[in-house]
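Each structure below appears as structure tokens.
Presented sequentially are two complexes of chain A, the first with chain B as partner and the second with chain C.
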Partner chain A sequence: MAHTETRPLCVAIVGAGPAGLRAASTLVKAGLRPILINEAPEPGGQIYRRPPKALLLFRSAKDLYGADSHRASALDSAFDDMKERIDYRPSTSVWNATRRNDGRVRLHLCDASGEVDTLDCDKVVLATGAMDRIVPLPGWTEPGVWSLGGAQVMLKAQAQFVGRNPVFAGSGPLLYLVAWQYMKAGATPAAVIDASTFSAKLRAVPAMLARSAVAFRGLRMAVALRRRGILVLEGCHAERIDTTPTGFLVSWAGEQGSGDISGDAVAIGHGLKPEQQLAELLGCRLHFDPGAGQWLVETDRDGRASVPGVYLAGDMAMIRGAHAAETAGELSALAVLADAGLAPAYDGVRRIRLRRSMKRQDLFRKGLEAAFPFPSNRIENLPDETTVCRCEGVTAGDLRKAVAHWQPADVNRLKAMTRCGMGRCQSRLCGETAAALLAAGSGRDRSEVGFVRSQIPVKPLPIPARERETQR
Partner chain B sequence: MSFRPTCHPVQGTDQRSPLNVIVDGTAMVARAGDTILSFLLRERGALRKTEFGDGSRLRAGFCAMGACQDCWVSLSDGRRVRACSTLVEQGMHFVTGLDNGAH
Partner chain C sequence: MSNVYPISVLRSKPRICIVGGGIVGSAAAFFLAAAGCPVTLLERDTIGSKASGVNFGGVRRHARHPGELPLSIKSHRIWVKLEELIGHDCDLETPGHLKLALGEEEMAPLEAWLPVGREHGLDARLLSARELAELYPWLAPGLAGASYCAGDGFANPRLVAPGFARAAREAGALIREGCPVSAIEKGLCGWVVRPEEGGEVVADIVINATGAWATTIRMDFSAPVSPAPAAPQMFVTEPMPMRIMPVLGLVSGDIYLRQSVRGNIIFGGGRGKISADGWRSSPGETPFREVPAIMRRLIPDLGQALIIRSWTGIEGHTPDGLPVIGACPDQDGLFQAWGFSGHGFQMGPGVGQCLSELVLTGKTDIDLSAFDPTRFAHAAARTGGGIH
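Moving on, here comes the complex of A and B:
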């Protein structure tokens, strides 16, 4: 429907990573003044996260972002250029999103001081990014065990090593990247335990050639690590993490046999998982994507979700990485403009080029999914004592018992029975594991047991916010 | 005493201006630009005790990007803050309930 009212079109963008920033700059170019809401104090998202000012002096963009430093700098200056022409809200989280009777979207905000507010907009672009996808193992809740992304953030944004000799375990592009970044910055990784096999990676080569430069960069990092004498175990899994008086002992097994490696920290992760809670709360349709092995929010090729006025961009829609996120951000903004009847000012050729680029990124994503398949069988074989839900202290054994005893119809029933996923993180870390255990225990497919539904607030609110609300 | 992991500053980045803070009643010095997470892990190796089991297990955050909610810590004024996404400020007083760690 064309936007015919005299009031200017109000577009809110949630998230200021590569997707959100590109969506904002595209709308600014079209003469709009979008509202850009950023949970973090600085723009850039996780991938191009800016360190606090006091730390900026010490490390260059090249140190921080490596081969992507030119992209980080380009986004940085895009932000600086448009800063005065957008309504920028840093350190502000969106803890709920609802659809109004008049078709507008209401965002519920909370700023750093705990002040809550609402914001109604005509259209919203959700660019809320992703977090690490975690397969638990015994010992993963101990201090000193991090997500791969967390270990990277500590280095990038805080100039801190989580350890001098960390063990990196899991799969996906982040695994070698973080290990390599630690090595470059002066740490000595104890080992890289890569769940993906050499043959899986080989099978993915044709698809990966869609973005050969990126694929080869990953390869070069693995070679550089090996050359430094760092143990790289392909086709192997970390089985458990034990704490010793001097550090950690990580037991591993797989194609290279089995053994133990000691280190002073551990970082784990199996790729990324979309932060899709707000889309869910707005009623957007999800579907189970067999390639990703994840529930994803449905969109058309330009990022339109099933609910009118809601657009998705970047990793929150599908894990395709930072380059694709920029493309998706621009495409979603073009879709916003087209749907508001503001498209004529726009270059149709540009849209075609962007769509073509997304197709290439998609081919590359399929390559990544083939090279780094999610190890569902690891979850099925988790020892009973493994903590699955770290917020509520629920183990794999607790979940298996509940599945056998109550035969829950879906993972939300399992959550109600066990409290798994009911804690502060709202199943971000355990939901997928709980669903996989339910599927395995009831002889069903992951697509048949559902996903843990999001609840408000999507993240805990500070106490002052709740107090002020009840005083109203 | 059991192992407590520590964060280590990248060489050359520790010359930042000091911030005077208090941890469980003891005066300590953080550095400008530290998140509460980096500071407490460098000094204490953990953030809090878990609510589960006999209380001997500790927690120290996990995702460092505001998602896992494992790193909430208490301040003496009653506020609870997410350590990974809150910068240390001059005069902050943290209440962790931990002993002073292994180092």
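Moving on, here comes the complex of A and C:
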């Protein structure tokens, strides 16, 4: 549909990570002035999170971002170049998104001071990223137990360690990356407990060759960790975390036997989970992706969601990492332009190249999913006393009991009966576990028990400190 | 014409079909099934998924319309023994209810209600501005006063209708979820309820407990009045230090709030949006602007309170704000129980019990005349005498 009105096309981009920044720079190149909304004070997203300026004196981009430093620097300068040509809203969260009767999208914003505002746009690119995917285990809610992403943010943004001898446990590329980053920065990880087996990784090799350099880099990190004498336990799970006077004792078991490791902190994570709440609120269709074992928002190959005017880019659509996020950001921006009848001349050729690149990234993603499969069986076998929802204090046993007692039709019903997921994180951390327990307890597949529906505000909203001036 | 007696005469217990699985329908199903009646309950969505499951959760007799009080008090007796009745206390807490007057003029309705409440045996009293400040120092200064009623409180709305339905099922009721009804018709012997999916349920007694949608089902007669839908909006904060002991409400009804046992402050006010098809609702923008500000005005020292969730549900309002309960004269065996106008949650269990008594014995100890389904045909709507 061509954009025929005289008013310039208003495009909002939510998120200023690699996907959002690349979408913005593509739109700027086409002569638009997009609105870029960033929850953080600085652009870069989680992956290229910038430390406070004072800390930059001590750590170079190379130190901070490793082999990706050239990408981080390129995005950085892309942002500096377009800063004057975009409407940039830092420290602003989007807590609701609705569709107006005229087809435009209304974003509900909240700035750092807690002031709320609305923003109407013709098209929106959602590039809201991802967060840690956590499989709970007994003891995971103790202070001093971090998510892998959280441990990484501490290092990147604050130049702090969560501990000098942390135990890293879980699976996925982030596991080795964070352990390696800690090692490089001077910490001595107590162990890396990797749930995925060597044979799973071996089977994934053909697919991972789609991005052999990245795969090779991952391998090198694992080798470097071992060479430094750090215990790497493949095919093993952290079974429980106990606190000791000096830190933690992590019990593990798996292909390499079983044992205990002590450390002064623990970081856990099983990959990432898309932050797809805004797409869901806008009515975009979701589907269960068996490979990822997750509900994902449906898009076409350029990032168009099922709702007109809504485009997705980056990890919020599918976990493919920062490199693919940039590609997806550009593709979605080109889709925006094409749909508005503003496609630039280079569009056709460029799009083919980008799509081809996405295909390779996708193959690589499938390789990663095969190498680091999500351990659903760990959830099914969680001990009853394990806390699942830390906000409301709901245990695996509570959930199993509720499944038997109420026979809930879907996970939203289970949430209603148990309060699991009603706290501050709004089911982000526990929704998947609750769904897996419901599926296991009722003999169904994860795809049959649904996902926890998002409710507004998707980000906590402060109650105004003083009375707002009444408008209208 | 059939030359046999209607089946109901031959049976010891009437066959019951309840349409609507909110708190009223579920409670009625429980009491009737427990009394040995064959009960079928048809629910369009899931049990208690509409207003019954997402309301504020107030269990309040305080400041009710005098016509509702006997029913409300009967209901309260059920609330306090839910555990014994249905095997779950539904998280009932009874810290009392406090109705606040912002200005002197709002004290008058509170003063007027007090003797009514006392006449019905309620432990209610007025609090002066000074007493308020002493008892609840976190309230904003300058309030005119309040009325307090002991024994009122709140419960977890998500558990109540499902709890009754589950107990009804255990007592033998057939509970069908995901089963919308397209028509209720007069049959040769009894009533015929037609689910959209086909087939029919034949019953001697039909109870229409479909809330805001009570008149969307095709019936062979005209309805007394159509309920006007409204979607009250709720909010919840993350856990805060404990201090709000009683449930609070304003005489104006602009806000009502309570604190959960985990510390979350749950507050309601304003109205959300209802979808074009009338089946779904969502929080509106205006309440987000206005209601948290009212709360801050009422409790200035809230600190860094964060709202973590907001939601709405659809309820049906009648012109006089009172429910429709009973049978129309020419529709023997078809009971109406809807139009609770935003205060049906507390009365739900009592209504279920009254309906069960009406069905089984033809009478109940509660005067239901204020809820007569025909009242709208007779007189212009009266104004309600309750205080929100």
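What we mean here is this: the second predicted complex is superposed on the first by the 461 of 472 C-alpha atoms of A that agree within 3 Å, B and C clash if a C-alpha of one lies under 4 Å from a C-alpha of the other, contacts with A are read in each partner's own complex, and residues count from 1 in each chain.
The definition used in the following text is that contacts are C-beta pairs under 8 Å (C-beta built on N, C-alpha and C of every residue); 3 or more make two chains touch, one makes a residue touch a chain.
Nothing here was measured: the structure is a model prediction, and the numbers come from that model.
Report for A:W406: first if it touches chain B alone, second if chain C alone, otherwise both or neither.
The answer is second: A:W406 touches chain C but not chain B.
If you stack the two complexes on chain A, which partner ends up touching A:V116: first (chain B), second (chain C), both, or neither?
In the superposed model, A:V116 contacts chain C only, not chain B.
Of the partners chain B and chain C, which touch A:R424 in the superposed model: first, second, both, neither?
In the superposition, A:R424 contacts both chain B and chain C.
Between chain B and chain C, which one contacts more residues of chain A in the superposed model?
When the residues of chain A touched by each partner are counted, B comes out ahead.
Contact-wise, after the overlay, does A:P373 reach chain B, chain C, both or neither (first, second, both, neither)?
neither
Thinking of the overlay built on chain A, is A:P143 touched by chain B (first), by chain C (second), by both, or by neither?
In the superposition, A:P143 touches chain B alone.
One more residue to check, A:I456. First (chain B), second (chain C), both or neither?
second
Touching A:A416 in the superposition: chain B (first), chain C (second), both, neither?
Once the two structures are laid over each other on A, A:A416 reaches chain C alone.
So chain A touches chain B in one structure and chain C in the other; where do those two contact lists coincide?
Touching chain B and chain C on chain A: residues 391, 393, 423-424, 426, 460, 462-464.
Can you name the residues of chain A that touch chain B in the complex?
Against chain B, chain A makes touches at 39-41, 46, 51-55, 58-59, 131-132, 141-147, 149-151, 153-155, 157-164, 185-186, 243-248, 264-265, 275, 390-391, 393, 423-426, 428-429, 459-460, 462-464.
So in the complex, which bits of chain B are touching chain A?
Listed in rising order, the residues are 2-13, 16-17, 31-35, 37-38, 41-42, 45-47, 50-53, 57-70, 72, 78-81, 84-85, 87.
List the residues on chain A that touch chain C in their complex, please.
Chain A residues touching chain C: 98, 108, 116, 118, 391-393, 405-406, 409, 413, 416-417, 422-424, 426, 455-457, 460-468.
Any idea which chain C residues touch chain A in the complex?
Answer in residue numbers: 46, 53, 158-159, 162, 166, 177, 236-238, 262, 282-283, 285, 288-289, 292-293, 295-297, 302, 304-311.
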